[in-house]
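Chain lettering (A, B and C) follows the sequence in which the chains are written, and residue indices restart at 1 in each chain.
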Amino acid sequence: MRQAGGELTIDTRGQGLVEITRRVLDWVDAQGLESGLLTIFCRHTSASLLIQENAAREVRSDLEAWIARVAPEGPHYAHDDEGPDDMPAHLRSVLTGVQLSIPIAGGRPVLGTWQGIYLFEHRRAAHLRRIALHVIGE
Amino acid sequence: MRQAGGELTIDTRGQGLVEITRRVLDWVDAQGLESGLLTIFCRHTSASLLIQENAAREVRSDLEAWIARVAPEGPHYAHDDEGPDDMPAHLRSVLTGVQLSIPIAGGRPVLGTWQGIYLFEHRRAAHLRRIALHVIGE
Amino acid sequence: MRQAGGELTIDTRGQGLVEITRRVLDWVDAQGLESGLLTIFCRHTSASLLIQENAAREVRSDLEAWIARVAPEGPHYAHDDEGPDDMPAHLRSVLTGVQLSIPIAGGRPVLGTWQGIYLFEHRRAAHLRRIALHVIGE
(Lines give C-alpha, C1' and ligand atoms only; values in the text may rest on other atoms or scores of the structure.)
Protein backbone atom coordinates (compact mmCIF):
# COMPACT_ATOMS: atom_id res chain seq x y z
CA MET A 1 0.00 0.00 0.00
CA ARG A 2 1.27 3.48 -0.75
CA GLN A 3 0.02 7.07 -0.90
CA ALA A 4 0.81 10.39 -2.55
CA GLY A 5 -0.22 14.00 -2.06
CA GLY A 6 -0.21 16.99 -4.37
CA GLU A 7 -1.82 20.31 -5.20
CA LEU A 8 -3.46 21.91 -8.23
CA THR A 9 -3.57 25.67 -8.68
CA ILE A 10 -6.63 26.83 -10.60
CA ASP A 11 -7.04 30.27 -12.20
CA THR A 12 -10.67 31.33 -12.07
CA ARG A 13 -12.25 34.23 -13.98
CA GLY A 14 -15.00 35.24 -11.57
CA GLN A 15 -18.24 33.44 -10.71
CA GLY A 16 -18.88 30.16 -12.44
CA LEU A 17 -17.93 26.53 -12.88
CA VAL A 18 -14.42 25.57 -14.02
CA GLU A 19 -14.00 21.98 -15.18
CA ILE A 20 -10.92 20.36 -13.63
CA THR A 21 -11.58 16.71 -14.57
CA ARG A 22 -8.66 16.45 -17.00
CA ARG A 23 -6.16 17.98 -14.59
CA VAL A 24 -7.28 15.74 -11.74
CA LEU A 25 -7.21 12.58 -13.89
CA ASP A 26 -3.74 13.46 -15.22
CA TRP A 27 -2.44 13.88 -11.69
CA VAL A 28 -3.97 10.57 -10.56
CA ASP A 29 -2.58 8.84 -13.64
CA ALA A 30 0.92 10.09 -12.79
CA GLN A 31 0.73 8.38 -9.37
CA GLY A 32 0.46 4.97 -11.07
CA LEU A 33 -2.08 3.30 -8.75
CA GLU A 34 -4.19 0.42 -10.01
CA SER A 35 -6.82 0.74 -7.27
CA GLY A 36 -7.43 2.92 -4.23
CA LEU A 37 -9.08 6.13 -3.09
CA LEU A 38 -8.73 9.70 -4.42
CA THR A 39 -9.59 12.71 -2.25
CA ILE A 40 -9.83 16.29 -3.56
CA PHE A 41 -10.03 19.21 -1.13
CA CYS A 42 -10.65 22.92 -1.84
CA ARG A 43 -8.66 25.08 0.58
CA HIS A 44 -11.06 28.07 0.45
CA THR A 45 -14.36 29.21 1.98
CA SER A 46 -15.71 31.07 -1.07
CA ALA A 47 -15.16 28.41 -3.74
CA SER A 48 -16.25 24.77 -3.73
CA LEU A 49 -16.03 21.40 -5.48
CA LEU A 50 -18.74 19.34 -7.10
CA ILE A 51 -19.45 16.61 -9.58
CA GLN A 52 -21.90 17.38 -12.32
CA GLU A 53 -22.84 16.56 -15.89
CA ASN A 54 -20.07 17.34 -18.36
CA ALA A 55 -21.98 17.29 -21.64
CA ALA A 56 -24.55 20.11 -21.92
CA ARG A 57 -23.34 23.66 -21.30
CA GLU A 58 -26.91 24.62 -20.27
CA VAL A 59 -26.66 22.43 -17.17
CA ARG A 60 -23.87 24.64 -15.92
CA SER A 61 -25.64 27.95 -16.62
CA ASP A 62 -28.86 26.64 -15.01
CA LEU A 63 -26.85 25.53 -11.98
CA GLU A 64 -25.20 28.94 -11.68
CA ALA A 65 -28.59 30.70 -11.93
CA TRP A 66 -30.18 28.35 -9.38
CA ILE A 67 -27.50 28.79 -6.71
CA ALA A 68 -27.84 32.57 -7.12
CA ARG A 69 -31.54 32.19 -6.21
CA VAL A 70 -31.00 29.85 -3.23
CA ALA A 71 -28.14 31.91 -1.74
CA PRO A 72 -28.78 35.38 -3.22
CA GLU A 73 -26.92 38.60 -2.83
CA GLY A 74 -28.85 41.16 -0.80
CA PRO A 75 -28.76 43.85 1.89
CA HIS A 76 -29.68 41.47 4.70
CA TYR A 77 -26.21 40.11 5.54
CA ALA A 78 -24.22 41.41 8.52
CA HIS A 79 -20.97 40.29 6.87
CA ASP A 80 -20.07 42.24 3.73
CA ASP A 81 -16.44 43.20 4.37
CA GLU A 82 -15.42 42.36 0.83
CA GLY A 83 -18.59 43.42 -1.00
CA PRO A 84 -22.06 42.09 -1.82
CA ASP A 85 -20.71 38.80 -3.21
CA ASP A 86 -18.77 38.03 -0.01
CA MET A 87 -21.39 36.36 2.21
CA PRO A 88 -23.30 34.63 -0.64
CA ALA A 89 -19.96 33.08 -1.65
CA HIS A 90 -19.61 31.51 1.81
CA LEU A 91 -23.19 30.19 1.70
CA ARG A 92 -22.74 28.68 -1.77
CA SER A 93 -19.53 27.02 -0.62
CA VAL A 94 -21.41 25.41 2.30
CA LEU A 95 -24.25 24.33 0.01
CA THR A 96 -22.00 22.49 -2.44
CA GLY A 97 -19.12 21.44 -0.18
CA VAL A 98 -15.33 21.58 -0.44
CA GLN A 99 -14.35 17.91 -0.61
CA LEU A 100 -14.82 14.86 -2.84
CA SER A 101 -13.58 11.28 -2.45
CA ILE A 102 -13.73 8.90 -5.41
CA PRO A 103 -12.69 5.23 -5.49
CA ILE A 104 -10.02 4.28 -8.06
CA ALA A 105 -10.40 1.00 -9.99
CA GLY A 106 -8.71 -0.22 -13.14
CA GLY A 107 -6.19 2.60 -12.83
CA ARG A 108 -8.66 5.51 -12.81
CA PRO A 109 -11.31 7.21 -10.64
CA VAL A 110 -14.68 5.50 -11.20
CA LEU A 111 -16.49 8.60 -12.51
CA GLY A 112 -19.66 7.77 -14.43
CA THR A 113 -19.88 8.51 -18.15
CA TRP A 114 -21.46 11.94 -17.66
CA GLN A 115 -19.66 12.99 -14.49
CA GLY A 116 -17.15 15.84 -14.55
CA ILE A 117 -15.29 17.39 -11.60
CA TYR A 118 -15.79 21.15 -11.22
CA LEU A 119 -14.36 23.94 -9.13
CA PHE A 120 -17.15 26.43 -8.42
CA GLU A 121 -15.85 30.00 -8.06
CA HIS A 122 -18.31 32.06 -6.01
CA ARG A 123 -16.53 35.44 -5.99
CA ARG A 124 -16.98 38.00 -8.77
CA ALA A 125 -13.25 38.64 -9.10
CA ALA A 126 -10.75 36.23 -10.62
CA HIS A 127 -8.91 34.16 -8.00
CA LEU A 128 -6.06 31.69 -7.75
CA ARG A 129 -7.51 28.62 -6.02
CA ARG A 130 -5.55 25.83 -4.39
CA ILE A 131 -6.90 22.28 -4.51
CA ALA A 132 -5.18 19.60 -2.41
CA LEU A 133 -5.07 16.04 -3.77
CA HIS A 134 -4.42 12.71 -2.06
CA VAL A 135 -4.40 9.10 -3.23
CA ILE A 136 -3.91 5.89 -1.31
CA GLY A 137 -3.92 2.38 -2.76
CA GLU A 138 -1.63 0.08 -4.68
CA MET B 1 -3.25 -2.86 5.56
CA ARG B 2 -5.46 -3.94 2.70
CA GLN B 3 -8.26 -2.61 0.51
CA ALA B 4 -11.18 -3.84 -1.59
CA GLY B 5 -13.48 -2.33 -4.19
CA GLY B 6 -16.92 -3.29 -5.41
CA GLU B 7 -20.18 -2.08 -6.89
CA LEU B 8 -23.86 -2.23 -5.99
CA THR B 9 -26.58 -1.99 -8.64
CA ILE B 10 -29.76 -0.39 -7.34
CA ASP B 11 -33.15 -0.58 -9.07
CA THR B 12 -35.10 2.61 -8.42
CA ARG B 13 -38.80 3.16 -9.10
CA GLY B 14 -38.83 6.87 -9.87
CA GLN B 15 -38.32 9.85 -7.56
CA GLY B 16 -37.69 9.08 -3.92
CA LEU B 17 -35.37 7.68 -1.31
CA VAL B 18 -34.22 4.06 -1.47
CA GLU B 19 -32.62 2.69 1.69
CA ILE B 20 -29.40 0.82 0.91
CA THR B 21 -28.00 0.47 4.44
CA ARG B 22 -28.39 -3.31 4.60
CA ARG B 23 -26.77 -3.91 1.21
CA VAL B 24 -23.83 -1.62 2.05
CA LEU B 25 -23.30 -3.20 5.49
CA ASP B 26 -23.46 -6.71 4.01
CA TRP B 27 -20.81 -5.81 1.44
CA VAL B 28 -18.55 -4.26 4.10
CA ASP B 29 -19.04 -7.29 6.33
CA ALA B 30 -17.94 -9.60 3.51
CA GLN B 31 -14.61 -7.71 3.27
CA GLY B 32 -13.75 -8.80 6.82
CA LEU B 33 -12.06 -5.61 8.06
CA GLU B 34 -11.90 -4.84 11.77
CA SER B 35 -11.21 -1.11 11.31
CA GLY B 36 -10.72 1.28 8.41
CA LEU B 37 -12.59 3.61 6.09
CA LEU B 38 -15.60 2.97 3.82
CA THR B 39 -16.33 5.19 0.81
CA ILE B 40 -19.55 5.04 -1.23
CA PHE B 41 -19.79 6.86 -4.57
CA CYS B 42 -22.83 7.36 -6.84
CA ARG B 43 -21.78 7.28 -10.51
CA HIS B 44 -24.64 9.50 -11.75
CA THR B 45 -25.55 13.19 -11.98
CA SER B 46 -29.30 12.82 -11.39
CA ALA B 47 -29.25 10.62 -8.29
CA SER B 48 -27.37 11.15 -5.03
CA LEU B 49 -26.38 9.65 -1.68
CA LEU B 50 -27.21 10.80 1.82
CA ILE B 51 -27.47 9.72 5.41
CA GLN B 52 -30.75 10.33 7.15
CA GLU B 53 -33.01 9.07 9.87
CA ASN B 54 -34.16 5.49 9.30
CA ALA B 55 -37.09 5.27 11.72
CA ALA B 56 -40.02 7.53 10.76
CA ARG B 57 -41.35 7.24 7.20
CA GLU B 58 -42.60 10.87 7.46
CA VAL B 59 -39.01 12.14 7.56
CA ARG B 60 -38.49 10.75 4.08
CA SER B 61 -41.70 12.17 2.60
CA ASP B 62 -40.99 15.58 4.19
CA LEU B 63 -37.47 15.47 2.76
CA GLU B 64 -38.78 14.61 -0.71
CA ALA B 65 -41.31 17.49 -0.53
CA TRP B 66 -38.69 19.95 0.71
CA ILE B 67 -36.15 19.25 -2.00
CA ALA B 68 -38.93 19.71 -4.61
CA ARG B 69 -39.45 23.21 -3.20
CA VAL B 70 -35.76 24.17 -3.04
CA ALA B 71 -34.97 22.85 -6.54
CA PRO B 72 -38.39 22.92 -8.24
CA GLU B 73 -39.46 21.91 -11.71
CA GLY B 74 -40.41 24.89 -13.87
CA PRO B 75 -40.20 26.57 -17.26
CA HIS B 76 -37.14 28.64 -16.41
CA TYR B 77 -34.40 26.10 -17.18
CA ALA B 78 -32.42 26.22 -20.43
CA HIS B 79 -31.63 22.50 -20.13
CA ASP B 80 -34.67 20.23 -20.51
CA ASP B 81 -33.47 17.68 -23.07
CA GLU B 82 -34.98 14.80 -21.15
CA GLY B 83 -38.09 16.51 -19.78
CA PRO B 84 -39.10 18.82 -16.90
CA ASP B 85 -37.49 16.59 -14.26
CA ASP B 86 -34.08 16.66 -16.00
CA MET B 87 -32.51 19.88 -14.69
CA PRO B 88 -34.09 19.71 -11.20
CA ALA B 89 -32.55 16.23 -10.90
CA HIS B 90 -29.07 17.69 -11.50
CA LEU B 91 -29.67 20.45 -8.92
CA ARG B 92 -30.92 18.01 -6.28
CA SER B 93 -27.90 15.81 -6.89
CA VAL B 94 -25.60 18.80 -6.28
CA LEU B 95 -27.55 19.78 -3.15
CA THR B 96 -27.24 16.38 -1.49
CA GLY B 97 -23.94 15.11 -2.96
CA VAL B 98 -22.79 11.86 -4.52
CA GLN B 99 -20.23 10.58 -2.01
CA LEU B 100 -20.03 9.42 1.62
CA SER B 101 -17.06 8.23 3.68
CA ILE B 102 -17.65 6.48 6.99
CA PRO B 103 -15.01 5.18 9.44
CA ILE B 104 -15.17 1.47 10.28
CA ALA B 105 -14.57 0.36 13.89
CA GLY B 106 -15.33 -2.91 15.65
CA GLY B 107 -15.93 -4.51 12.26
CA ARG B 108 -18.68 -2.14 11.04
CA PRO B 109 -19.25 1.42 9.80
CA VAL B 110 -19.82 3.73 12.79
CA LEU B 111 -23.33 4.83 11.79
CA GLY B 112 -25.31 6.32 14.66
CA THR B 113 -28.42 4.54 15.96
CA TRP B 114 -30.82 6.48 13.72
CA GLN B 115 -28.63 6.84 10.65
CA GLY B 116 -29.51 5.03 7.44
CA ILE B 117 -27.77 5.26 4.05
CA TYR B 118 -30.05 6.27 1.17
CA LEU B 119 -29.84 6.53 -2.58
CA PHE B 120 -31.97 9.49 -3.69
CA GLU B 121 -33.45 8.98 -7.17
CA HIS B 122 -34.28 12.36 -8.71
CA ARG B 123 -35.72 11.24 -12.08
CA ARG B 124 -39.39 10.34 -12.53
CA ALA B 125 -38.62 7.15 -14.43
CA ALA B 126 -37.21 3.99 -12.88
CA HIS B 127 -33.43 3.69 -13.30
CA LEU B 128 -30.64 1.21 -12.69
CA ARG B 129 -28.08 3.05 -10.54
CA ARG B 130 -24.48 2.02 -9.98
CA ILE B 131 -22.83 2.70 -6.63
CA ALA B 132 -19.08 2.17 -6.28
CA LEU B 133 -17.74 0.95 -2.93
CA HIS B 134 -14.25 1.02 -1.45
CA VAL B 135 -12.79 -0.03 1.90
CA ILE B 136 -9.28 0.30 3.25
CA GLY B 137 -8.06 -0.89 6.65
CA GLU B 138 -7.08 -4.07 8.41
CA MET C 1 1.15 2.57 6.43
CA ARG C 2 -0.95 2.73 9.57
CA GLN C 3 -4.33 4.00 10.76
CA ALA C 4 -6.08 5.13 13.94
CA GLY C 5 -9.67 5.77 14.97
CA GLY C 6 -11.18 7.86 17.74
CA GLU C 7 -14.18 9.86 18.86
CA LEU C 8 -14.86 13.38 20.08
CA THR C 9 -17.83 14.20 22.29
CA ILE C 10 -19.14 17.73 21.77
CA ASP C 11 -21.48 19.56 24.15
CA THR C 12 -23.77 21.87 22.18
CA ARG C 13 -25.96 24.61 23.62
CA GLY C 14 -28.83 24.60 21.14
CA GLN C 15 -28.92 25.77 17.52
CA GLY C 16 -25.72 27.16 16.10
CA LEU C 17 -22.17 26.54 14.98
CA VAL C 18 -19.58 25.12 17.38
CA GLU C 19 -15.98 25.38 16.24
CA ILE C 20 -14.12 22.09 16.73
CA THR C 21 -10.96 22.83 14.71
CA ARG C 22 -8.63 22.84 17.72
CA ARG C 23 -9.97 19.58 19.12
CA VAL C 24 -9.72 17.85 15.75
CA LEU C 25 -6.19 19.12 15.10
CA ASP C 26 -5.05 18.08 18.58
CA TRP C 27 -6.40 14.56 18.00
CA VAL C 28 -4.70 14.31 14.60
CA ASP C 29 -1.46 15.64 16.09
CA ALA C 30 -1.52 12.92 18.75
CA GLN C 31 -1.62 10.22 16.02
CA GLY C 32 1.80 11.35 14.79
CA LEU C 33 1.28 10.97 11.04
CA GLU C 34 3.41 12.96 8.58
CA SER C 35 1.01 12.53 5.66
CA GLY C 36 -2.29 10.79 4.99
CA LEU C 37 -6.03 11.30 5.10
CA LEU C 38 -8.31 12.47 7.92
CA THR C 39 -12.03 11.65 7.96
CA ILE C 40 -14.54 13.19 10.39
CA PHE C 41 -18.05 11.75 10.69
CA CYS C 42 -21.06 13.07 12.66
CA ARG C 43 -23.11 10.18 14.04
CA HIS C 44 -26.43 12.10 14.09
CA THR C 45 -29.24 13.11 11.74
CA SER C 46 -30.02 16.48 13.31
CA ALA C 47 -26.51 17.94 13.50
CA SER C 48 -23.90 18.23 10.75
CA LEU C 49 -20.29 19.08 9.90
CA LEU C 50 -18.93 21.82 7.68
CA ILE C 51 -15.90 23.90 6.89
CA GLN C 52 -16.32 27.62 6.93
CA GLU C 53 -14.51 30.86 7.54
CA ASN C 54 -13.10 31.13 11.05
CA ALA C 55 -12.41 34.86 11.30
CA ALA C 56 -15.58 37.00 11.26
CA ARG C 57 -18.33 36.11 13.75
CA GLU C 58 -20.88 37.67 11.33
CA VAL C 59 -20.27 34.89 8.81
CA ARG C 60 -21.57 32.41 11.32
CA SER C 61 -24.70 34.39 12.27
CA ASP C 62 -25.48 35.04 8.59
CA LEU C 63 -25.07 31.33 7.88
CA GLU C 64 -27.40 30.42 10.75
CA ALA C 65 -30.02 32.91 9.50
CA TRP C 66 -29.74 31.68 5.91
CA ILE C 67 -30.21 28.01 6.70
CA ALA C 68 -33.30 28.91 8.73
CA ARG C 69 -34.75 30.49 5.57
CA VAL C 70 -33.85 27.62 3.23
CA ALA C 71 -35.11 24.91 5.59
CA PRO C 72 -37.59 26.80 7.77
CA GLU C 73 -39.73 25.68 10.66
CA GLY C 74 -43.43 25.60 9.78
CA PRO C 75 -46.75 23.74 10.04
CA HIS C 76 -46.29 21.88 6.75
CA TYR C 77 -44.21 18.93 7.95
CA ALA C 78 -45.77 15.51 8.58
CA HIS C 79 -42.92 14.64 10.98
CA ASP C 80 -42.91 16.70 14.19
CA ASP C 81 -42.63 14.04 16.89
CA GLU C 82 -40.07 16.04 18.82
CA GLY C 83 -41.37 19.56 18.12
CA PRO C 84 -41.21 22.21 15.40
CA ASP C 85 -37.41 22.09 15.18
CA ASP C 86 -37.38 18.32 14.55
CA MET C 87 -37.90 18.08 10.77
CA PRO C 88 -36.00 21.30 9.88
CA ALA C 89 -33.04 19.83 11.80
CA HIS C 90 -33.05 16.77 9.50
CA LEU C 91 -33.26 18.96 6.38
CA ARG C 92 -30.39 21.20 7.53
CA SER C 93 -28.29 18.12 8.26
CA VAL C 94 -28.88 16.87 4.69
CA LEU C 95 -28.09 20.30 3.26
CA THR C 96 -24.71 20.60 4.96
CA GLY C 97 -23.69 16.92 5.26
CA VAL C 98 -22.27 14.78 8.05
CA GLN C 99 -18.79 13.92 6.78
CA LEU C 100 -15.52 15.61 5.85
CA SER C 101 -12.26 14.16 4.54
CA ILE C 102 -9.11 16.28 4.55
CA PRO C 103 -5.65 15.31 3.27
CA ILE C 104 -2.78 15.51 5.80
CA ALA C 105 0.59 16.90 4.67
CA GLY C 106 3.55 18.14 6.67
CA GLY C 107 2.02 16.61 9.79
CA ARG C 108 -1.31 18.47 9.68
CA PRO C 109 -4.62 18.63 7.77
CA VAL C 110 -4.24 20.99 4.80
CA LEU C 111 -6.92 23.46 5.89
CA GLY C 112 -6.64 26.84 4.18
CA THR C 113 -5.79 29.94 6.21
CA TRP C 114 -9.43 30.90 6.80
CA GLN C 115 -10.95 27.44 7.09
CA GLY C 116 -12.33 26.21 10.40
CA ILE C 117 -14.15 22.94 11.11
CA TYR C 118 -17.60 23.33 12.65
CA LEU C 119 -20.25 21.14 14.17
CA PHE C 120 -23.66 22.60 13.31
CA GLU C 121 -26.27 21.87 15.98
CA HIS C 122 -29.76 22.05 14.46
CA ARG C 123 -31.92 21.27 17.53
CA ARG C 124 -33.04 23.97 19.97
CA ALA C 125 -32.04 21.95 23.02
CA ALA C 126 -28.47 21.30 24.13
CA HIS C 127 -27.16 17.91 23.00
CA LEU C 128 -24.14 15.68 23.47
CA ARG C 129 -22.86 14.94 19.95
CA ARG C 130 -20.47 12.15 18.97
CA ILE C 131 -17.99 12.71 16.16
CA ALA C 132 -16.02 9.72 14.83
CA LEU C 133 -12.46 10.33 13.61
CA HIS C 134 -10.18 8.26 11.40
CA VAL C 135 -6.69 8.78 9.99
CA ILE C 136 -4.66 6.65 7.63
CA GLY C 137 -1.14 7.37 6.38
CA GLU C 138 2.41 7.20 7.59
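Following the convention adopted for this analysis, a residue touches a chain if its C-beta (ideal position, glycine included) is under 8 Å from a C-beta of that chain, and two chains touch if they have at least 3 such contacts.
This is a predicted model, so every value here is computed, not measured.
Colleague: If you list every residue number at the chain A and chain B contact, are more than half found on both copies (same) or fewer than half (different)?
Modeller: Homomeric contact, different residues on each side for the most part.
Colleague: Working from the CA atoms, figure out how many degrees chain A turns to land on chain C, in steps of 5.
Modeller: To bring chain A onto chain C, one rotates by 120 degrees.
Colleague: Between chain A and chain B, tell me the centre distance in angstrom, where each centre is the average of that chain's C-alpha atoms.
Modeller: Roughly 20 Å, centre to centre.
Colleague: Got the chain C residues that touch at least 2 other chains?
Modeller: 1, 37, 70, 95, 97, 101, 136
Colleague: Can you check the complex and tell me which residues of chain C touch chain A?
Modeller: Touching chain A from chain C are residues 1, 35-37, 50-53, 56, 58-59, 61-63, 65-66, 70, 95-97, 100-103, 105, 110-112, 114-115, 136-138.
Colleague: Within their complex, state which residues of chain C touch chain B.
Modeller: Chain C residues touching chain B: 1-3, 5, 37, 39, 41, 43-46, 70-71, 76-79, 81, 87, 90-91, 93-95, 97-99, 101, 130, 132-134, 136.
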